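First chain A sits with chain B, and in the next complex the same chain sits with chain C.
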Partner chain A sequence: MTLKALQAASTSRNGVGAFILQCKRLDFHYCDWAGSSQGMNLFLQHNLARFAASHPSIEIHVSPRPHRHPVIRGHFINGTQHSICVRNLEKGQVLQKAEILRDMSGEKARKVKGGRAVGSLNEGTRGVWSPFHGAKPPSFQG
Partner chain B sequence: MHGRPLRLSSFSSSTYPVSSSSSSRYVCWQCRHRASLRPSALFSPTDSSSPFQRRTYATEPSLPDKFQAYFNKTIGKRLFKDGKIPGAAEDNTDRPQSEPAIPPNDEGTATAPLDDDPYYTPATSGEELESLGGLSGWWEKAWDEEHQYQGWMRPTPMQDDKAIETAIERALVEWYTVEKGSIEFRKSVGAAHRLWANDRSWKMPAVGNFKLSQRKNGKVQLDWERSEDRMEMQRWLQEPFQKDTEAPVLEDNRLVEADSETAKANTSTTAMGIEPPEVAGEEAAEVTEGDSAVPDEVLLEEDGEIEEKQPRIQSNISLHNHNLKFTVIKRVMQLTGILIPDTAILSINSSHALLQHLIQKPKPKKLAQLLIEGHEPTQMNKGIPLLAHLPNVQILPTKHIPSMTESALGRQKVIEQQLDEHGIPVPFREEIEQITAHEEQRLRKQIDAMTEDDGVDGRDMWSQEPLEDLRGQSEGLQR
Partner chain C sequence: MKALRLLRWSGSVLSPRTRPCLVHLLQQPLSNRRFLSAAASPLQQAIQYQDQEHDAEEDLWGSSQAHKGDDPVIPEDMPQSLQQEARLRALPSPPLSAAKSSAKLAALHARLSFSPRLPIETLARCLVDATADSNPDFNNTSLAILGRDLYSFYTSEAILCRYPRLPTAVVFAAMAAYIGPKTLTQITKEWGVELVAEPGGEVDPGYLQCRREDSMLIRKHSPDSDTDPTSAVEEGQPPIAGANRPNAEQKSWRRGVSSMTVYDDEFGDLVKGSARGGRSKAATTTVEDACARFVQAVMGAVYLHRGKNAAKLFFKEHILSRHLNVGKMFEFKQPTRDLSRLCAREGFESPVARILSETGRATRHPVFVVGVFAGREKLGEGAGSSLNEARIRAAVGALKGWYLYSPLEVRVPSDVEGANARPWKPVLVDIGEIIV
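Up next is the complex of A and B:
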């Protein structure tokens, strides 16, 4: 009987070969009247041009949203959206929020199982514990 | 005074109303006595609203004015012995109280009853009825074609910077043509500010070539290319003040220079409202109205086409002379139709400052307008294209509506088609069309801007597409 190797489909690792930015679009909503939008307005005038030029793969939409707080809404490749309200922030802080959205994956925030910060798909190198292997507990024999 | 309070029922009803509904009301005898002495104290026994409410002539004119009757019989007779007592005609004490005063019928407005009119049919809807009243069409009715309103200023403000510069040149050359003229010429013209005070039209003939410059010593020099142009200007300036029998006083061909000091000395008496002593007592001719008196009138701005000429003002003319400043500013306002506020006049001290104030565009009120038009890049954005010029940026002037998402996905036209078939109006149709047209224009500009450059190896630097294909896309959009 001939042996056949298991056909394993290649799993995608974003960044191993090529990196694809997960954020595909950013919407900037501002207000001409509200005072909470002052920082956002200054960001649009002074900082957004450089941010948009340095990220040509991100679609930038700027539109007014009258009588509302300023908002940055990010659209991601997996179809999700995430909004960050930037009311009463300075233009530098608005830029930080835009960078946070740019760096996001679009995945929903999930609780890490096991309480561990780092997870791996690989098996443990020392194997799974069993009661039949390992040091025996001490016996109290008088 | 502090005696036992008296009951209300102990008094007669003719002097004080008694409310049988409540027996707890108490009024002291002093108030009751005072009330009983009032001559106009009338009350209705049936008035149950309040026992203190009195119905008088002042509130109900149908009631007889007892005070007037009392006045006529006693005091009025003593004061007005001739018998003409004011208000005596209003004495209506003889009139029975039950008859109210009805005004006489206005016979002028009497109309025939509608039932007798054979041509009358009641209207079923309000669409065919003519509207009455309101101010719509008032302007057209008030000013007929023969008597059209002609304002002092240009009706619409100028937009072209070249035309505004020409208007400033015109105002300055008119002033200095008068100031550099001889005494006789200035006599015939009068004070410069009267030339275009109120009755002169803002339309004016074309001006020939001239050069106006100010030297370092403050002297202003006016050079005409042709003497005919200078004479034509002088004739135009004299026309409103010229009598029929007198010939125009024109200058000869000699060049006239005027020192700033002499100009000040001559203009010191030509301040607003003050005439120079030479022309004191002279009666200026009536100013002609309308434009018919001035031949060959040419609008300063002909369909927005201004020939680019050499600037006729060679240097920055000082406007520190108050008479010159206010005269020129007034004339420029008349020619351009742009109002210059008083706060700006203080800071305008030269012809360049005046020009800069007039051609500067107002700050955009909306941020979208500022972003679309673009502004000067800051220090940190040097070398970066403007936000509106970036290919991955879309700036919307209006609030985002769901129809915009549908139109971006391509479903909007299907939706509109179905709505039109069912006769349902499409919401926000005009806004979407406006934004779509704006986006098309933006893309066309981007493509044109990209295709202007040669790119790299005949390919666009951004998309690596052949430039010929991109140019074809631009042409497709134009169709």
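Up next is the complex of A and C:
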């Protein structure tokens, strides 16, 4: 056989074809007794149903966590979890925190180096600059 | 070309099913079988399942010595909730009615942007592997067979029309890269599907139900474990690799690439099966195989419920949109020889390598840029730290330039199906890679 093929696997580009929201589950933990859960409880009563209906791809769990501060915990497609404590927040602020978790990718926060926020898997159409090609520099005169 | 309506053929998926459908039960008179509707409550279903199981056992083997020593005999004085739980536990996979109330399953349905016309019960069935529930009416085997064929059809036409000159070995590798088990496992993870630790009727139907090789409970629950828990294959015969081949028993015979297209599967791998050509029936599975069957079954379900256009769109969005650099999948042994053979075959002048530019010949880090020319045409170019390296790279570049030819407008045969499609224009069919 003159030619062999190397095995490879295609890599996903979320959003190029289908888009899959990376947050797959949100847990809302509240306390019925403590004052720090007041905003959270109002959120659960008034806003959660609409929030859940507008994000059907997120699985939502609500459970009590007595005598603790209220927490929203997000579970992500890549297997990680992130929690945000929402003690003493108003219900609008709780919604904002839930939206933060919804929009997270689940990856660890890391510094974007070199100002390159977006990476591409495709080759540049112009190619890489080469010193061996193109016009020769004018020779040094005198 | 007119689209076929498959609704009639897909009755086994779309209509309510009976349990159990052990294959030998099909020969029993109909009076023994009770039909379930999709709306039956889990309790009802569990009870019916139990009744049938017992009926069947009495008919076939007599009463109690039959089957699965742990088949629960539920005492009447047990509390209702415990009874129901025991009945659910007796089921090999979650009942149909549990699908409606599973948050995980509903989230998965929405995550894949399925329309409500694809019922959530079918999605639940896609998640039941044959190793969890051996009943073919409740597991995903039939859907996976359909989905696998659709995937290989769509992928092969996409690859062959986009790269008509691709060598067969690379076509196989590209097929595996798009729809091989490794990729499908990755897709399962990216869809947010998790696997069960151990399948059973009480498990949330949003998990992928399969019995893995490291399972501790094979002996206890496996449907095939009556006689020998470790037997992986029906009738005790080991699976034969290459069951489709005429001389399957000859392990050392060479497999040519052309014979792979005839006898082997879509990735050029040997088909594993029993001697009669059927697939082997295993008690456990690997994670990769279970995930692959799940993704294939989803494709089959989309095709049956939503039709061909939706299936094609699903394929484009989830498979074809993935990134694969086919140019990096080549491995040449003697590219300069291959290139001269190619030029001879195509009637070009024989290739000659010439230095285009160089720097630092006498230093530790020289760079040579070499081009390969056929007459006055430059076929390829490469840079290297020795003249030979640069020449070989140039030959590889020239060969890749030939093999990776891609037409500007790519149409595939399945685009022609439909009422108002443009007529088919023949695409380039290459005579194949060079033979040395």
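In the analysis below, the second predicted complex is superposed on the first by the 102 of 142 C-alpha atoms of A that agree within 3 Å, B and C clash if a C-alpha of one lies under 4 Å from a C-alpha of the other, contacts with A are read in each partner's own complex, and residues count from 1 in each chain.
As a working rule, a residue touches a chain if its C-beta (ideal position, glycine included) is under 8 Å from a C-beta of that chain, and two chains touch if they have at least 3 such contacts.
In this text, all values refer to a predicted model and were calculated from it rather than measured experimentally.
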item	value
First, second, both or neither for A:Ala98, with chain B first and chain C second	neither
First, second, both or neither for A:Val71, with chain B first and chain C second	neither
First, second, both or neither for A:Leu21, with chain B first and chain C second	second
Partner chain(s) touched by A:Asp32 [first = chain B, second = chain C, both, neither]	first
Per-residue contact with chain A, leading partner among chain C and chain B	C
Which superposed partner A:Ile58 touches (first chain B, second chain C, both, neither)	both
Intersection of chain A interface sets (partners chain B, chain C)	56-61
Residues of chain C touching chain A in the complex	103-104, 106-107, 109-113, 167, 169-170, 172-174, 176-178, 180, 182-183, 186-187, 189-192, 257, 316-325, 328-334, 337-338, 356-357, 359, 367, 369, 383, 433-436
Contact footprint of chain C on chain A as seen in their complex	1-14, 16-18, 20-21, 24-25, 56-61, 77, 121-122, 130-133
Footprint of chain A on chain B - complex, ascending	365-368, 370-371, 375, 377-378, 380-381, 384-387, 390-400, 462
Contacting residues of chain A [partner chain B, same complex]	27, 29-30, 32, 41, 44-50, 52-53, 55-66
